[in-house]
Each structure stands twice: as C-alpha cells, then as structure tokens.
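The structures come next, written out as structure tokens.
In the two complexes below, chain A is the common chain; its partner is chain B in one and chain C in the other.
This part shows the complex of A and B:
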C-alpha cells in the first residue's frame, strides 16, 4: 500500500496540537512575560533582561541555586549508587522479590505524603517534653539506654578493642598495597606502582576519618565542607581497599563497624533533641535530600536490576574463572555492560532532582536556607503584589538548567535507534 | 449484529455526554431554593469547624434561603485567589488575614465595594478603626468581624504572687522585671518562633509592639509604608531589643529558634519560665495542652506596657483580624455580610472560638465573653475592652507590608538575627527586597546607603 507523504503527519497532528497548546505556547508566553514587568496588569513595561539580572542579585535566589547544586550532586549519586548496589546484591538472595517490593513502596505513595512522613521523623519538641519525632525519639531512647553504667563500660571496652582490631587489619591491608606497589615498580610497571602509592595515600585520609578528626558534621564554611568531603572520600577508599583484601577484608569491616557503632552510642550520652530542619546550612538540606533518596532509590533499583539481569551470565562466569574477585567482576564486567542504562537513569534522576518542589514546600517551604528554584518561583509568583516577570525569569532559568540533560538523553535515544 | 452493538455503544455515549453537559447540583439547588454563594477561606482545623457552624446558623435564618459553600484552602489562599481572579472565575467571598492583599485586589478592581450592601444598622455597629482598615481610596471593601489583640503578656500567676513580682506599668519596668527574674535564677521569658514555612513571625509581632512603644505610631506607619528604610538606626534598635528578650528567654536564642510558637507557652507550667508575649488566640493552645490549668488562677494576662512614646498615656494596641470581602454583588453576599457583621453572628462565633474578639460595638464585653463552664472570661473581655478603648490602634505590620517582605524577608531576618548573623547585613538584605517589592514609599533602597 502506498503511503502518501503527509499521512504520518495526520497521525501525529492531534498529539502535536496538544503539545503545542499545553507545552509550546505556555513556554513562549513565559519567556515573553519574563521580559516585562507586570505583564498582566495595565501598567506593564518592557524591561528586557532586567528580571534575569535582578534574579541573580537576589540572595534568596543564590541560596536556591546553591541548594539545587547540593541536591543534584548528593541525591543523584546516592540514589543511583544505592540503586546499583541493591540491584547487584539482591540478585543473589532468595527473598529478592520481597525486599524489592518493600524498597519500591515509597514510590507508590504521593510525594507530598512522603514529605509529611519525613517532617514527622524530624519533628522537635523542647527537651522537657516527650518527643514525637522519630529521629529525636530514637536518639533519646538510645541515650537513655546508653547512660546506664554497665552499658557504658561495655561500650567503651568494645570501642577500644574493635578499634584496635580495625586499625590492625587496615594496617595489614595497607602493607599489602605498599608491597604490591614495590613489586610493580621493580617489574618496571611504574604507572601501576604510582597508582598503588596514590591509593595508599588515599587510605591515610581514611585513617584520619577513623580517628575521628572529621567525624563531626560540618557547620558552615566551604573549607570545612570540602574537608568533610575529602575525609568521606578517604573513608570510602579505606572501606573499598580494606574490604577488598581477601584475607583481612571481612574482619576489617566487621571490627570497624562494631567500633564505630560503640563510639556512636557512647557519643549520645548527652544528646539533646535537635530541631533538625532548622540546623543550617548542611544538616537541614541533607535531611530533605534523605527524604528524596528514600522516595527515588526504589525506582533506580528496579531499572538497574532489569539491566543487571540482562548481562549474559557466561561473561560473569568467565571472569570469575579467570580469577577475578567480586569487586573486579563488578568494575570490569558488570558496570561496562550497564553503562547505557546507568547513563539513562542518571540523567532521568538529574531531571527530577532539579525540578524538586513538593519535598521542600511541605517540609520547610524554603525557610532556614533550604530554598530550591521551583519553590522560589512559586513563592515569587504568589506574593502580593504578584511579580510575574521575576517568577517567569526563574522558570526560564530552571528550564535552561534542565534542557542540556534532556538533550543528552535524546541523543543517546537517537543513537540507540540508529543502531537497530 | 454489528449495527446493534454500535447502536448500544452510541446510546451509552449519549447518556454519558448528557450527564457531563447537564448543570451541576449547585445550580439545580439554586433554581429550586435560593442563591448559592461560594466562600473561599484560609481557616483550618477547629477554626474552620467553628466558622462552618456560624455559616449554618446564617443559612438557617436566611430569609431568601441562601446557601454558602465553604471551600477551605488553608495557607494556599493567596495562590487560589490570584489564579481564580486572573482566570475570571473568582469566588463570591473570601477572608483576608492580610489587609495588604485586600488592598491589592481592591485596587486591581477584583473586589466590589460593600458600603452600599451593608445596612445602616450594621454599618453603624462597626468600630471606626476597622472600617478605616477596610477602606481603600474612599470606598469600603471589607469588614472585620473577628479580631485579636496582640499586645498581651501571659504570666504564671502563682510565681508572681509567691515572689512578689509587680505587674510592670512601663516598658522600662518590664525590662527591670526581666532583670530581676533572671537574677533570681529563673528564665523570665518563653519565646518560640518556629512555625514551619512561616517561621519567624512571632519575632515580627514583638518588634511591632516595641516599635509602637519606643517610637510611636507615626514611626510605625512610616516604617510599614517604607517611607523610612530598614537600615534606619531605629529599626536596628527594634532588632536589638528583641534579641535582648530572646537572650532572656528559656534556652537562649537557639531554643527560641527551634521551639514551635504553639509549644512555647507550655514553659509557663513546667517551671521553665514565667512570661510569654502572645496574642489572644494562644488561650486556646494553652487550654488544650494544659487542660488542668485555670485562667485567672494558674495564669493571667497583663497588657504589654506603654513606652516612652506614649508619654504616660495608655498602652497602644497591636491587633490582627480577618477582613471579609466580596468579589461579586449577589444579594446573597449582602445578606451574609450583614449577618456576619451583626451582634448575633459574632456572639455565636466567639462562644465557639474562645480567645477571639468580636468587633460589633453593641456587644458588652463583660457579658458575651464566657468560658466553657459559663463563668465570665475576664481575660478576653479585658482584651476586647483594651482593643476598643485604645487611643492608638495599629494592625499587625507584617500583614500590611507586601508579602515579599512581611511574609518573606522580615521573617527570615528574625531567623537570621537569632542565628547570630550581622544585623547591618540582615537589614541591608531586607531593604533590598523592600525596595523591589514596594510600589510606593519614600525610602530609596540599599544602593547608596552607607551601611550596606
């Protein structure tokens, strides 16, 4: 049957029409409104890009930008990372279906309901009153339990012993890394030797964290936050390498966790309930981000699990037969196979994170420096007198931030289609 | 067979289509009984339940059988109103907790003047201060049936009597009393500014009361109208005075920041503090959370005392209220406005909602304010008398300012000040946002200001 050239367009016409009316036209109109002041009132005046310049001048807007960036980095990496970890680990257990359903459940409730749940988790009452917030309640309960002398003594002893053991096993792992570096250097494989030395240095940073120098959450300055990130990175390195060691790995991890756990409980001895959502600048933002991670991890896990199950098992078996440990299998076989799915999921999460509104609106409405762009736009729009121009400018800025990720997604989709 | 099935399908579709197109039940009722008017309100929870009962009472006595559909939208009221007005689909009536918003809508022509709608009797029974509040450019657009007084200090009576603390008559005496109580080892004040998205508003009430007392109503009006900038040294003094009281509050500034405003008065009863400055509505919170306490015995109230600006005169009254305005001129709207402005409606409402003050001037405060057990509610009665007899009455300032400031940067300024941020920087930021948000006012903004 011969198909005339315009027939596909006929099929597309209704969808194109709806898109045009509900997507293209409002976007164009928003852009036009952002070029005026008071567009919808009789006293409108053309101001060009003044609204955009005003927006970047506004402290509230700059805080929103900063927060959006923190959300982007932290939530994307945590959600995708956790999702990947869960996808790989749950594949091997019998109760996989049950675990996946439970982890996916937060996606089934409305995001507003999730925000309200987490608002109650972080709720604060003055110290003399009973705590209704889950977090404060748990920590107060922990404190009451830890304050008995017997428990205190046991915990101090435990923290000491396991701390020493963890240090011992970590030291042994470090020694192996250094030995391997020396061996490779002797074998003229200088680059790999250098890499090993770099890794040893990274482990030293992890040591700082283990001793507790950077164990307190940072309170404000950018330097403190960078140091905190560095220490966390070092701790990550410590965990990765120490745990990888086939002989000492599990022992090291076990003692470390026990030591940290005992230390943590001991530290709660003088805990006072905290108003988590008022502690700025990092604690309250992280508290909100945790709510977001709780909602989205299930989604990432399910998608990545499907991709993981798509890896031909012969590949994995071949790698294991060749002597690779689990970690190497993960890095060199699993992840490369899942690259396209990982990229797709990451860009999808980035797009959702940048549009975050309901979590912030319900929990703090942007108070205490937790503002994000979407919420800032709504607040600017619905103020009296309404500031249409500025709100539209913020909306356009948000759109411009998200568009690159959509383009990346589209390009990859096109490439996939071209291969078929 | 095919035609029969498609015929049946067509019939089902036709019925569905007809159901969609037929007018909704509201209009049907209107044709049958009388008019229906829609009321969009910000009331929530118990307040909403009480208001609905007043509305039922109105419907019961309405001679034309007018029905009122109440749509509760909570704190989304500004969004809903703005969107519906812009869409050409406004509700018939609403209540504005902020006069600034009412003025905005009146100036843009969305509201209809109500001076013609109100009967001469009802109009004559409204207090002048509130009538002025509802007047924009010479026409009356709103009446305020229910109000609250904010310049009150709630105190723990047993402690005061035990230790012989005097009721302060001036602002200086209040500060001296604060010092004396602190020297006795007790926290003088309980203050809490946390309120979710609205955190910081109790601090603004404190500063408005202090402004009236230290510098007087002319300064207050100029400040609210942005004729003087936020960087004015007197505005800085207001912040400093508030921080003085926060430092003398239970738990210091950090606890003031973290405590919810509704929880803070409970400190009066567990020994944490002895005084709490808050509006009349807090009575309900206290009663619910401390049901064993008795007004007049366990706690009592004195008016926030006058300051140097009153020069020996009575204390000025800072108040708030809900302004009822109309978007349409339906006869049902006029009926409702006349009802809600009348003594009968307000007497019912304050019976249901303790702590609120009725504005109708024919009501005798000593008779109408009663507790749940029938005994006279002297606290609210005295508050009502203070409100009506005040020489100087001012509406809550942050409700008069544009919302970007009054419900935005002023609140965050309070939070920032309590967090220890530099006051000059805070004031510059508020001035910058005020410069942008105000469309009138003599102040020129932070540019060229030597403090910024």
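This part shows the complex of A and C:
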C-alpha cells in the first residue's frame, strides 16, 4: 500500500523513541560501564576486562554460578517432568479442568506472595515451642506418631514385610524378564533382550562388589568411584527392568513404596525442628527451588497438555493393540511426538531460571549461600560505594547466558508461525 | 445373572485399577493447594493463636468462628499502609498496560501493512531487543531517572514498564495483524479508507481477542513485578507498589505472620480474580508472554 514517506514514521515514532531510550541506550552504556572503573566519576579509568575478572574472582559470584546451575538442573527437570506427568494423567480423569486450575493457580500470583507462602511453610521455632511451619509441623507429627509403641511396632513389621515382598516381586519380575529374553533368543535369535539381561546381571555383580567396598572405610580412589557409579546405575537399571514387568512390576513398585514410606516414618522418631532456609548448601537451595517448582509446574502442564491432546488417539490405540504397555506407549509414542514442545518448554524454563530473582530476594536475599546471579547483580549495584563496573559486568554475563536460549525460542516460535 | 455378575466384577476391577491414577493426581493437587490454604487460614487467625499453634489446628473445631478475626486485615491495610500500596499498584499497573499495548499496536500496524525503507531491518532490531534482560538496563536508567527527577514517580515506572514490554508486544501484535487477510485492506483502500481509518475501524476491533490476552499478561506482569519497582521506586514509600511493600515488611516484620499472610493475600486478590474470571485469555497471555526476555 502506498503511503507518503513520513506516515509510517508517525506510527513508529513512539515505539522507537521508547525502545531507544529504555533498551538500546542502556544496553550500550552498560557494556561501556563494564569496561571502566568509576565510570560515573571524573576520574574514570578504562580497565578492559578487569571488572569481569574481578567478578569471577569473587566467592559470592562463584556461589551464585553454582546455585544457578543447581536451579537449572533441578528446577528444569522437575517442572518439565511433573508437567508431563500431569498432562498425561489428567487427560484420563473427569475433573481435569479443576485439577488444572489448582496446579496453574500459582502462575497468577506474584513471586513475592509465593515466597511468603513458602517462607511460612519452612517457618522454624525452637523445639520447646509449638511449630507453626507446615514442614516442621508435619515432621513433628510423624515423630510423635513414630514414637507411639504400637505404631512403631506396626511400622517396623510393615517395613519388614513389604521389604521382603518387594524383593520377592522384584525377583519374580526379573525371572519373567529373563525367561522371556531366553525364549526369544532360542526361538527367534533375538539378541536385544538377552543382552539387556546380561548387562543387568553384570551390573548386579558390580552392585555386590560395591556393597563390599562400601562396608570398608572409603579410600577415595578413582576405581572406587567408578564402581560406585556402576553400582548405582546397575541398581537403577535393574529396578526399572523389574518395574516394567507387566504382572509383577506394579506389585513390586507398590510394596517398595510402602516399605520405604514406613521406613521414612520410623526414621523421624528422633526428628528435631530444622531452620530449613539456613541449612547450607543443599537443603536451603532445594527449599527455594521447591517454591520455584510450585510456581512453574502449572505452566509446563498447560503447554504439554495441549501438545498431548494433539497426539492422534489412533496412534496411541494402535500401540496399545500391538501389545505395548502404558510405559512403552509413553516412551515410544508420547514422548517422541511431543519432542519439539518438550524442547521449547525446556528452553523457556531455562530462561526463567537464569533470571530467578524474586524468590531468592524475598526468602533469603542470598544469605546462607543461596545467592543467584540476578540477586548478586542487584546487591553489587546497591553495595556501598556502588560498584557500577562490576555490577555491569555481572549483568552482561547474565545476558550472554540467556541470549542463546531466547534465540532458540524465537526461532522455534517463528517456524511454528510459518507453518500456521 | 452370571453375565451381570461378571460385568459387575469388571467394573469393580477397573475402578480398583484407577485408584493409583486418582491417588497421584489428588496427592499432587493437595500438595499444591495446602501452602496457599495455610496462608489463607493464618491470615484470619489472631496473632497469639498463630504463634501458639499451627494453622492446621483450626480443623479441630472448624465451626468455631470465634477463632477467626479480621483484625489482621484492618491492621495491615490501614496501619501498615498496604491499602495505599494496593492503590499504588493499580495506579502503576493500569497505565503500564494500556500505554505499551497502544504504542505497540501502532508500530505493529506500520510494520505489517506499510511499506517503507529499512522495514525488515528495523523489525529485526525490535525483535532482537526481546533478548535484553531487565538487569542490563538498570544502571544507566537509574542515573537517567535521577537526572530527570522522575525516579520514584509513577510516571517513571510507566515509562520503564512500557519499554520493557514493548519488544514482545510489537512482535506478537505484528504477527497477528500481519496475518489478517490482505483483501480486507485492499477493499478498504478501494473504498478510500486512509491508514488511520483502517487502523481504528479495522485492525483494532479485529485484534480484540489477542489484545485481551496480551493485556492480561502485561497487567499481571506489572502487578506481580518486584525488581523494576525495587530499582525505580527504591525507598519512596508513597509510590511503592504492594509487592515492594511486602518485600520490605519481611525485613522489618519477618516473624509477624499475621501481617505477612494477610498482606500477601491482599496482593493475591487481583491476580486471582483475573485468573478465575478470564482463564482462557489468561492462559493464552501467559503462553505468549513466556518469550519475554
């Protein structure tokens, strides 16, 4: 459409002016500030990358890096995993809309309110006073319960019985898997199942060996570590093999959970109230991450649920008719079909995790080694005297970490729009 | 008779098999809901009760209404100035929603349906600005605001939120407006409509659904924002939005749960109303906004 030369610029002017003043100019200036010492004073000195080196030499920054990494791994896997689980499970029940509202609700409220909610969950009082925080209250309740003689006896018995049952069902499941693999090897020369069983058996040997090592005082050698890894992998693999068996798998998992649950309650018998947010370095960071998971799982659930409903139901039905169990359907049909959505949601969560600020600022303000990059930047900015150069360097580092993920996201978004 | 019995057992077996499914879902829902319920109940309990027993003890006598009080809300709203902060939040949020969407709609229309030199390049630059994290702008903008004397004013916050919201809003609106059928504009042009007429009479009415989603996103983003307020309001209590006031309450009243819980709940009222009344637009808005840098 033809327009006079200046008309488009009338439409664009307000946007361009504001973008120029509020985004372009500050970004450029922050970059320049990050290369100077005392940029805003007459005696400024160009120092090159010294601010960056200074930042990376700082314990606070290194802790922030470590924590951001932990946030990244734990929160991303938990929100995406839980979101996927909920998307798949909720599709099968009639109260889907209601349950979705419940899980999605935290997305509506501010991180500040969410932080108050969780700070209250973790609230701590000395053991002599009644606990008012949900977590300490719950564990104290379990403690009282575990210390009742009758309950204690019942739980000990239950843990024993269900432990034995779990081992039994697991053995039965494994036996079935082995028998099936051997049969297929004999009849069809089908190697895969047998190979898997062989590997699992080998790993089991590793497990026994590792138990032997664990019984002795640790030497800290590399071999010990490798055996440990092998043992953990082997035990995990064998558990999964057992859980996948159609007849005994559910029984095995059920009794394992009951045994572990009883064991957990028994272990609370000498529980003392904990100030969760001061337990460095893992408990308090995890406590903060849980608040983040609480907020963001709903987002993952909604996106993944839309993708799940996009899978043609004939595909799922066909797989079931071919004899796949729900577990196989999930891994071989559902997950591959949702791969692009899963990737998109993962990058989105990563961006948000890297920018995490409010939860940390409100709940601990980075105390007790819970610092993250965004909060560290603000603290450097507000230190006295303000260290503008260093704060700018941290901001630039933060941006460099985020940019690749946003670019990936935008590309994918554009590709989707092009398809539409 | 036998047939019926077999059918009945089958139904029973199916119901039993579904127990783990419902168990997992209900457990997760309870886990998700309990912290909020705890906050809600605590906000109605008197101060002494809060520190003498856990909030869950109210379920021992759930119909005993004397254990609840509105005193916390009275105190927090009128003595701790949460009411003022609540109004401040509204005064910040409403213009910070209308302004960027209006400006973005103009720009998006120009990018979509006007031809001018450098259009593609300029659009790429605007979209590229989505990647700029807020933190990177704080130091220069803070100094600029202080020099202009708009630090700690509503006006400054409106401008800041407009700037931070614009790139994504322009991008989203351009995608939508650019996707409207070309014939619409051609026939309007033949009828002699100017760009202004097309924008006001054609584009804006057609964009109402997408604008609604984006407005909800921007509204909640600004309402829930803490970091921008922290930087550009700072210590100015008379313009502090509710999130910032609550964050400051933690510093001064970190263990006064009767204040913190009721203040947090006051701040949640508006988002929860938006969430439950406009759920469809809300979800769409959140999905669109998730690209924000």
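Definition applied: the second predicted complex is superposed on the first by the 329 of 420 C-alpha atoms of A that agree within 3 Å, B and C clash if a C-alpha of one lies under 4 Å from a C-alpha of the other, contacts with A are read in each partner's own complex, and residues count from 1 in each chain.
Everything below uses one rule, namely that contacts are C-beta pairs under 8 Å (C-beta built on N, C-alpha and C of every residue); 3 or more make two chains touch, one makes a residue touch a chain.
Everything quoted here is computed from the prediction, not taken from an experiment.
In the superposition on chain A, A:368 contacts chain B only, with no contact to chain C. Of the two partner chains, chain B and chain C are each touched by A:40. In the superposed pair of complexes, A:379 makes contact with chain B only, with no contact to chain C. In the superposition on chain A, A:266 makes contact with neither chain B nor chain C. Judged by the touch definition given at the top, the superposed model places A:108 against chain C, while chain B stays out of reach. Residue contacts after overlaying the shared chain place A:178 against neither chain B nor chain C. Of the two partner chains, chain C is the only one touched by A:22; chain B is not. Set against each other, chain B and chain C differ in how many residues of chain A they touch, and the higher count belongs to C.
Of the two partner chains placed by superposition, A:139 touches none, neither chain B nor chain C. Within chain A, the residues touching chain B in one complex and chain C in the other are 40, 129, 361, 378. On the chain B side of its complex with chain A, the touching residues are 78-79, 82, 86, 98, 100-101, 104, 108, 194, 196-200, 251, 255, 257-260, 263, 266-267, 270, 272, 402-404, 407-409, 411-412, 415, 419, 429, 432-433, 436-437, 439.
Those residues of chain A whose C-beta lies close enough to touch chain C in the complex are 1-3, 5, 7-9, 11-12, 14-16, 18-19, 21-27, 29-30, 33, 40, 82, 85-86, 89-90, 92-93, 99, 101-113, 116-121, 123, 129-134, 137, 250, 294, 297, 299, 302-303, 348, 351, 355, 357-358, 361-362, 374, 377-378, 381, 388, 391-392, 394-396, 398-399, 402-403, 406-407, 409-410, 413, 417. Against chain B, in their complex, chain A makes its touches with residues 40-41, 54, 57-60, 124-126, 128-129, 274-275, 278, 280, 361, 364-368, 378-380, 382-387. Taken together, the chain C residues at the contact with chain A in this complex read 20-22, 24-25, 28-29, 32-36, 38-39, 42, 50-56, 103-104, 106-107, 109-111, 113-116, 119, 122, 126-127, 129-133, 135-141, 143-144, 159-160, 162-164, 166-167, 170, 175, 185, 189, 195, 199, 220, 223-227, 230-231, 243, 246-247, 250, 257, 260-261, 263-265, 267-268, 271-272, 274-276, 279, 282-283, 286-287, 290-291, 293.
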